[in-house]
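Each of the two complexes below includes subunit A, the first together with subunit B, the second together with subunit C.
On to the complex of A and B.
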């Protein structure tokens, strides 16, 4: 691990002690949204500061990705856009039918807001189908999405809370968003230096990779972490054993990414805002399980994930035979000892997310200076791009498109 | 050859001296119930338990690419059957690429010991090593191999992983320490699990299929990819084929103790089971030109008798690229992905027929090729990422192998 990464990890540790994590997807709810395209600088795990263009809410800061718009099925949605950048921008809503654009100037894909900071373009559509979507600029899409003009759109079904789609088999206990993207900083540097005309997208070579607009380890910091004012969305999924989380995954850049959830398989129940079902009302009967999800640019995926530690052949809680069962514990393994002896401490290198114990909710003896990022005795599982060159921040390992999922002991409250 | 051998030994002794301080405390230890002498071979089976053990070293070595270029690598070597006292000497500079094949059966308890033998040619490194059993369901953190979330063995120490094998399918394994570096350097291997359905009694009815098992656990019985209940994943011959790729600039920088090009990584050698064509069809282990060790043991030549069903256990562990494998006329049926039967939750069949399979890093697919419609002859399985039909500057070869139907 490089010294810089250590510093960043240390910052993260401080934040975790003081912080409040949020289990719900952060975003803006409602039916009317006022967005302004403006510029700002994001920070990346290699210590860089990069000019981005993004959608801000009203007078707020530019943010990357743009505000997650969370709406309800059947609602008439209105998005008003103003533009404080240096060239026309717009918004398109892939997957939404009958988007009406009014105002501004006509563009190739939709009506555009001129860079005057005042003209308003209004986009309206009925959010007719529940699911996970994205929105992004429809102007010079190759360049402007790279600059950051993109965001997530979530349409909740009218049939009930905590469902991905109308069908009850799409129910979840918690949900998390994963917007996968990448950038080539040389493009952003040229824009910042006023050399926009020299940008050549054909020479695109990304070296920074993001989850929800952050590079690891910032992905694991809180939503709204104050030192990331332009990157408000964290990406730290947590669950208790037996709970079901819905992972909403968006291919938000231009490359494919193989997204690998350690810990267990994903069951993919929806793609591109449609339930994987053979007939309306059938439920996710065409859903499938996989240990790595191919995330295609422009596509979205809704997948369910759960974890109990069942059939490990040993008791993940470290129970003795007479101890009571934990909620959702796999009873046949109850009280079974760990089948191997772990090496003595001097034979091991310890990770900072390791509690020192193999058992959920337990702590073990750790050498000084290790284990500092595991406050609860939870089990940490890395969720990351399995194109492993993408879990770096430029040439510094580790970083990039990577975070942790935490299986928390039943007694630990997840907000 | 004599000079080479001497140099190899001298390097090993140098490394041993360097490791001396560590050795004083560290412990090489194989844990394997029923193994009485520490070589990871079960000598006295335990009634009621199916125990499988392996002992892998993790360290460095060399491999030659199909154009002859020597690459410095990190990987695992198979020490199963080696006396534990010989593990360091046998494991050093012995890295295999790909890492040794791991085959398991549903119902087995798998005790996998990894001994970190250090990187002899990089004595400045003090890296740990681990095994990530990629795709293992309901995993524990302690045996997941992620160094951030667990503990991994230091040099001259061992760690024994325990896996209760309950889900058949095609997985893979790799080191997860400094993953971008150690995986680019070659710590990648095939791993698959065969289903219990293979062990059913002769004559068991599986839907429209009657299971054959005339010789108990012997070679004559039917074999399946999954517990399909209907024989639809039955196959006759199986071939694990793992895609991977190397950036020679990265391997050279590693050997020369230079800063490593992480984000700037550009792979130039695309391989199947650690070789580019035409080495992919060479049936023999390939020695490397540095130590003479035979670290490239696997070929990927597929052969079958017309009428047989061929199972291709495809996986990709490239750290840079998705690859598409296509064929010259082989009918492919995908019956599983990610070590799961391709079926919906209510049993709906999601198998599909295709002529190509695209996999990113960490993805796997089970593909059955029914050769009954094929004329005898040689067919090709190759990447349609056509620039990778090359071995670096050699405009020929790369990610391709032959499928021979007799």
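On to the complex of A and C.
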């Protein structure tokens, strides 16, 4: 491992121990949002600092992706946009119909805010159906989405909390957002050098890949990590055994990304903000199970995921036969021993996420200087783009479109 | 060609002509040739395309890209295409051509180079020697036809078109009724290859030796990139069932996104889904066709654009895979 990566992983370990992770999807709730398009620099895992354009909340910093707008089904939503950039920008809302735009100037796809920092364009629509959506610029869409003018929109069903859609079979215990995107830094460098006119989008060649606007390992850092002021959203799914997490996946860039969860399959119950059902009210009877989700740019996916260790053939807690069951434990494997004899420590290499024990919630002796990134005895599963070249940061491995899912012991509180 | 073969060919041709055309189902006379396409940024691109003529003897059609839209009569499983070859020579030799239709069954007769590599998926047509291509199991659906000879070059050069057959009048597939039809035929151009072919500078020992460095710069819907001058496509009125047929004859995948309305995607590759898929966008891989039904709820112009961002014309102009569907108020 390169020295830089060691430093970054060490930083991450510190942040994990601080333990301020958030399980709910971070964002802005309400019915009215004031966004300003402005510029700022993000940092990437290769040590780069890249000029981005993004949607900021009011006087806040540019952020990538833009603020996640979390609204309720049936609400009348108002989004006001001002523009502090150097060319007109706008917002369109794929999957919403009847969006009314007033103010500003007419553009190709919608009304646009001129780059004067003052003119307000107002977009209003009724969030008529629950689901996961996105919003992004409707002006020079290829260029401005690349520059960062994009964000997530979540419409919660009126039928109740902790459901993706109205139907009870879409219930979840926790939810996480995955906005998949990529950029070609040469475009951003040309813009920064005042050579915007030289940008040729047909020569697009991305080398940086993101989850929620961060490259790995920053994906695993806290929401709002202070050293990532323009990238406020982490991407570290955590669950207790047997809990159901809703993964809201958004194709935010322009390339296909096969998104690969480890640990279990995803059960995809919704796409494009619509429940996969054969008839209204049927529930997700057309859902399907994937271990590599084809994420199409511009499309969204709602998938349920759970993990109990079912059918591993050994007891994940290391129980004896007489011990009580843990909540949601897969009973047929209760008390079954680990079916291999662990090698002597001098014959092992130790990954950063190994607690010293194969059992959930347990720790074991580790040689000095090893481990350290698993504060709770959790089980770590890598979730990543299955286009393996996308798990680098501009040619430096590991990085890119990659994070970890942590199965936490029942006693560990997940906020 | 020896005399015996020549004679047998003539006999075969005569035999083909002896059968009344009506008994053979739909018959089309296509001609492969070259023409020029003007791009909105002023570039003129030499392309290869198909024309539809009224007979083998007459060259009265116009070469277009995409080629002519072929419609198979309802209830007719038979299709015959007579193909004339008016392509220019490359490297001093004639360029053979053929037609295949992915999704339709046919007995293919591959043609090989002398070194054994396949050159054509089926028998070829040469200048002065038209070929005949037949199918007898054409099911209702939306299909692409394209050259089956050196397809890496010839599909890119523009030798493709659409073929459709309805289940019944106003019914694309069984139970899939529509009032209006909109065609969105996507294809791409890499001017570097077209320029090399136009200058006979493509092939072994020439400045462009293969299609491996494909880098499209122009993205065409129904033969033109979007430009401000483009008229919106008429898409019926509010409440009507609008059938949108999507074709991707390009070499890359794209993701059409309909802004402001949902589609019911009803078929893929000419086969109906058991359950329609309600989407505002979907993946349209190279070589695929998709059918969607849309019922617009209000009048207006609806943008449909490629979410994989082929939204440029040449290096700098906005355009590419963008079109508007014009929906009028309910009558």
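As a convention for this text, the second predicted complex is superposed on the first by the 414 of 415 C-alpha atoms of A that agree within 3 Å, B and C clash if a C-alpha of one lies under 4 Å from a C-alpha of the other, contacts with A are read in each partner's own complex, and residues count from 1 in each chain.
The rule is short, and it goes like this: a residue touches a chain if its C-beta (ideal position, glycine included) is under 8 Å from a C-beta of that chain, and two chains touch if they have at least 3 such contacts.
Just so it is clear, the structure is predicted and the values come from calculations on it, not from any experiment.
Colleague: What does the overlay on subunit A give for subunit B and subunit C, a clash or a fit?
Modeller: Overlaying the two structures gives subunit B and subunit C room side by side.
Colleague: If we overlay the two complexes on their shared chain A, which of subunit B and subunit C does A:389 touch? Say first, second, both or neither.
Modeller: first
Colleague: Where does A:344 make contact in the superposed view: on subunit B (first), on subunit C (second), on both, or on neither?
Modeller: In the superposed model, A:344 contacts subunit B only, not subunit C.
Colleague: Just checking: does A:225 make contact with subunit B only, subunit C only, both, or neither of them? Give me first, second, both or neither.
Modeller: neither
Colleague: According to the stated criteria, A:140 is in contact with first (subunit B), second (subunit C), both, or neither; which is it?
Modeller: second
Colleague: So, A:404: does it touch subunit B (first), subunit C (second), both, or neither?
Modeller: After superposition on chain A, A:404 lies in contact with subunit B alone.
Colleague: Of the two partners subunit B and subunit C, indicate the one touching more residues belonging to subunit A.
Modeller: Larger number of subunit A residues touched: B.
Colleague: From the CA centre of subunit A, what is the angle out to the CA centres of subunit B and subunit C, nearest 10°?
Modeller: 60
Colleague: Look at A:311 in the shared chain and tell me whether it touches subunit B only, subunit C only, both, or neither; answer first, second, both or neither.
Modeller: Touch partner of A:311: subunit B, not subunit C.
Colleague: Between subunit B (first) and subunit C (second), which, if any, makes contact with A:202: first, second, both or neither?
Modeller: It touches subunit C, and subunit B stays clear.
Colleague: After the superposition on A, what does A:50 contact: first (subunit B), second (subunit C), both or neither?
Modeller: It touches nothing on subunit B or subunit C.
Colleague: Touch check for A:298: first (subunit B), second (subunit C), both, or neither?
Modeller: Only subunit C; A:298 stays clear of subunit B.
Colleague: Nearest approach of subunit B to subunit C by C-alpha atoms in the superposition, in Å, rounded to an integer.
Modeller: Minimum over all C-alpha pairs of subunit B and subunit C: 5 Å.
Colleague: Which subunit A residues lie in the overlap of the subunit B contact set and the subunit C contact set?
Modeller: 256, 278, 286, 294
Colleague: Applying the document's contact rule, which stretches of subunit A touch subunit C when the two form their complex?
Modeller: 92, 94-99, 108-109, 138, 140-142, 145-146, 197, 200-204, 251, 254-256, 271-274, 278, 286, 294, 296-299
Colleague: Taking the complex as given, what residues does subunit C use to touch subunit A?
Modeller: So the residues of subunit C touching subunit A come out as 215-217, 253, 255, 257, 259-262, 275, 277-283, 297-298, 303, 305, 307-312, 314-316, 318, 320, 322.
Colleague: Sort out for me which residues of subunit A touch subunit B in the complex.
Modeller: Listed in rising order, the residues of subunit A that touch subunit B are 169, 206-208, 256-258, 260, 262-265, 267, 278, 284-292, 294, 307-314, 316, 338-344, 346-354, 358, 379-382, 386-389, 391-398, 404, 407.
Colleague: Under the definition above, what is the set of subunit B residues touching subunit A in their complex?
Modeller: Against subunit A, the touching part of subunit B is residues 25-27, 29, 31, 109, 111, 128, 132, 134-135, 137-144, 146-154, 157-162, 164, 166, 171, 176, 178-181, 183-184, 259-265, 316, 318-322, 337-340, 342-346, 348, 350, 358-364.
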